[in-house]
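Multiple structures are listed underneath, in structure tokens.
One chain, chain A, links the two complexes that follow: it is found with chain B in the first and with chain C in the second.
And then the complex of A and B:
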């Protein structure tokens, strides 16, 4: 017999702390179709990280490969610098907050929260204090004796959080954590989760399709579509500097002008040349210019637009009152649609069906590859 | 009868209820209660020489049942019923867990495969096992092929064959209640248990088995009690050597032509069943209180 293979662990380098999660070239195929393809990603220690994408984009599969519920078809998973690709879920130093909360219906709140400590054979005497602390952390002091069935959705979630954090994992994965809560509770929990994460100093990784959730809570976001990660960056960078047309469209709202890049801007058929901000694409390339509605100003005449910017004639098709803002649906000379939004003092009564002018600062638009 | 009854019509309504219940009530009384009472009456009678009774009141029949020969049959029956229930519970849980972890459409198909033999007559299924286990039969061919046996094996009649027959007969009865109690369980519970440190064994012992407890209790009840009364299987597959209470009753009535003793054995069996029912009922009530 030859010697056994080397132990499956890669020691963390002494200099920089190992990332909480390192995915290298990871992919998962179900039959011939890939749910996740070639994802390479580092999640840092103690950050609030979101994996954001539409349903079916592979974000859940990606998360399940981190937890160990799915084994990757290719690539490797490292947790805290230690190789973890084939390690079963119960041997990983992480916990998960399930979308359905998955509280054990046959156990009381106390026994649910104490579950991991009992299973992992913590000293009996340490358990009651730990449970009390965990329940205090989620502001459910004194709920230990309650049955799980009698709790509200928000309370169930708090119990699930206490249960997941009691073992002090290095990493907490949250599957659509706010999906089942109503609008008001959701906004409250967004701030609370963020606060909790800072308090306990655990790396949080949430999976969500809700961009607002991701933008409010995260230190960094990975945007996924079609099984691939399209962009990983801070919420601000993702919103202000989207890397692809999908990201610009999925995060917030964008309208796009499509044409060929030249030295003086983007040549759009039927519209002329539109000035563009700095970009890395070669001249002559097909490209999209993404413009956010809140960056577009609408005015009756060209000279009332802010000077120095793009000015295009447009037909006002419709105005929609949104409460905190008014949205203008415009058609440009080439027939393409443009959205503009104004709030507060920027709102103007404009004649629907007539010609107006739309303008924006080129620096506030973005050139994206075809 | 769709309009609500006018006030003060309580008496008339009571009469109507009684009238509507009468056919069913009379049927049950005539076909269940009366024969049962006749059996109880016979159990206290003195036997005549021709298999009938001479009437009267005596406790001799019950006293005779305390003969070690008969006590052994009761003990053996209780043991067999407990063993059968235990094996059915274990296999039933495994099968039910397998079922609920399949895709919904596959579940329906697999359930059907359990239901069809379940609806087939008891006797037919037992004869099927005679064929399966006969010398040179399919099971024998298989064990020959893998080298476990050499040539025809004499498996019937035997206690083992009888037990296989019992388990086979009652397994569906155990699968259904356990399946019902596992079916509604959120699949995330098993994953949550693994996430919180359970290997596969403890996923079952700590989470799924406790959740399935009501179903397991029902399955135990539904396999244990009917096993006490079985008499066809031990005769056909066991050769009648190791008798269950059911066989004893048949023997007393038909071979010994001792109707009062047969009746007494029946009454004892009935009492055993009622006691078991009470035990299971208490356990179920305690379980409900605990989870409520």
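And then the complex of A and C:
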């Protein structure tokens, strides 16, 4: 791949490697509405990074500003420490895996994969070997002569990956990479993409609305909503220590108790004071307590709950069998809903419509600002 | 089980096909008819082809028609391609306005367009000739070319062009390596259709031709007044043969594409 002939500024720090992508105060307005607003973000070298959010959250626009298909209305893009705002896509050292794969239908698999090397005028003799290696990388050896139209969805994606990686970009952007695949193939490809990323040592940035995809593949995740990045963290931290109510709700499942913080816990109207874990909010602040269903235990009586935790009386409204777990829909004394989930030995036959007890370890709940 | 309706529709289909092709067969047969009266068979001859070869007026008209059709079809296809590419970059609202304007000539009677164009040329003091003829035919053919090319261009995944850019193409390279090859079929179809429309056009030609640029249809039409000779049939047969060869050529390329699964563009 040719390096960008853009005016190269010296990387900010010679000691630490420059981030693969650095977005500073970036925003994109379409008319009066902002699709992306004030995003500042570093993506490290050789990282598998996911931008996760519901549809319309601005994640695609953010990615298109990294590729250069969109020009930011404000802020700057740096790629590998080099200023890249306004540099056209074909002069950026990155490639993109399109959601529709965007394979060229008039070219064979071989010519699709060889496309970038031919355009960038690589020595003709080096191309066949490079194509063979790229196809071997995605386990499509011998597919070179095939027509693109005859390939299955999974094969098309592999060709697209080979085509995107053949020029050894420093950065690969993947737009909803698994969206078009069926469930089983998707699980397979999640692991494979991760493996591939480690093998080739290229920074991968994927854009997805699928939290499971993001959690399984990524080193770090940026959660977006309403054009803003709400939290950037490891999958574990995002799940265990969500920063906002939206993140707690969007990633996995949470139920929320809402009240006012006091010295001994969260005072919830109609429910009393619920013990809370350590937090940084001031006393008297309105706050939510987020509880994950898998951390809630349901029992017939209060004394059969694990000791030392929260114990609240609840009415069991419904049990839903999920296969690997059973989910209990509960109503607390204040009328709010609480979800509990038990799997394996933790499952209990409980009477629907009757009073039960729900409890959890306060350390496994999380206080979030209003 | 074949129902009565199936039988009726099957015969209807045969009838329609016959209606479409009988005239062509008749022209070919009569071009070899050794008689001055076109519709009465009087033995085999090739003398009409000889007379055709000596009829400089008719051959001149053929040359004019071929030139005009070639130029106007090429212009219409080129403009159609540019229109399609330009419109893909417009906002949807403007796209609707623009395409409406582009297709409007389709629903305006050609005679109105002809009269209007004649007035325009007159007010510009433009002498009627090859240029006005080609421009007149462009007005007639452009909407058809645009219709075909816009449809094909609209069906292309916009990500294809982006993918080409992403893989190192500048705008021109992306067009040449991806967009153009993918539109080749549509461009060919548009060009052939425009050529045919222009070649057979009589209304627009009536208004826009000048001295020395009488097209073939105009010439044939004027011959009606003095009496048609069977050499017209010979000309018709040659044109049918020519068309047939073109279709065969295009068809063979199509077939090769299907059999080989996409053609390699030479680098």
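Operating definition for what follows: the second predicted complex is superposed on the first by the 360 of 370 C-alpha atoms of A that agree within 3 Å, B and C clash if a C-alpha of one lies under 4 Å from a C-alpha of the other, contacts with A are read in each partner's own complex, and residues count from 1 in each chain.
We take it that a contact is a pair of C-beta atoms (placed from the backbone, for glycine too) under 8 Å apart; a residue touches a chain by one contact, two chains touch by 3 or more.
Bear in mind that the values here come from a model prediction, so they are computed numbers and not experimental data.
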{"item": "Chain C versus chain B on the shared chain A, clash or fit after superposition", "value": "clash"}
{"item": "Touched partner set for A:307, first chain B, second chain C, both or neither", "value": "neither"}
{"item": "Chain A residues touched by each partner, larger count belonging to chain B or chain C", "value": "C"}
{"item": "Partner chain in contact with A:148 - chain B first, chain C second, else both or neither", "value": "second"}
{"item": "Touching partner for A:108 - first (chain B), second (chain C), both, neither", "value": "second"}
{"item": "Touching partner for A:129 - first (chain B), second (chain C), both, neither", "value": "neither"}
{"item": "Intersection of the chain A residues that touch chain B with those that touch chain C", "value": "67, 69, 88-90, 94-96, 98-100, 102, 104-106, 115-116, 119-120, 147, 163-164, 167"}
{"item": "Contact footprint of chain A on chain B as seen in their complex", "value": "186, 188-189, 191-199, 202, 206-207, 210-211, 213, 291-292"}
{"item": "Partner chain B, residues of chain A touching it in the complex", "value": "67, 69, 88-90, 94-96, 98-100, 102-106, 115-116, 119-120, 147, 163-164, 167"}
{"item": "Chain A partner contacts - residues on chain C that touch it in the complex", "value": "157, 159-160, 162-170, 173, 177-178, 181-182, 261-265, 267"}
{"item": "Chain C partner contacts - residues on chain A that touch it in the complex", "value": "1-2, 67, 69, 88-90, 94-96, 98-100, 102, 104-108, 111, 115-116, 118-120, 146-150, 163-164, 167"}
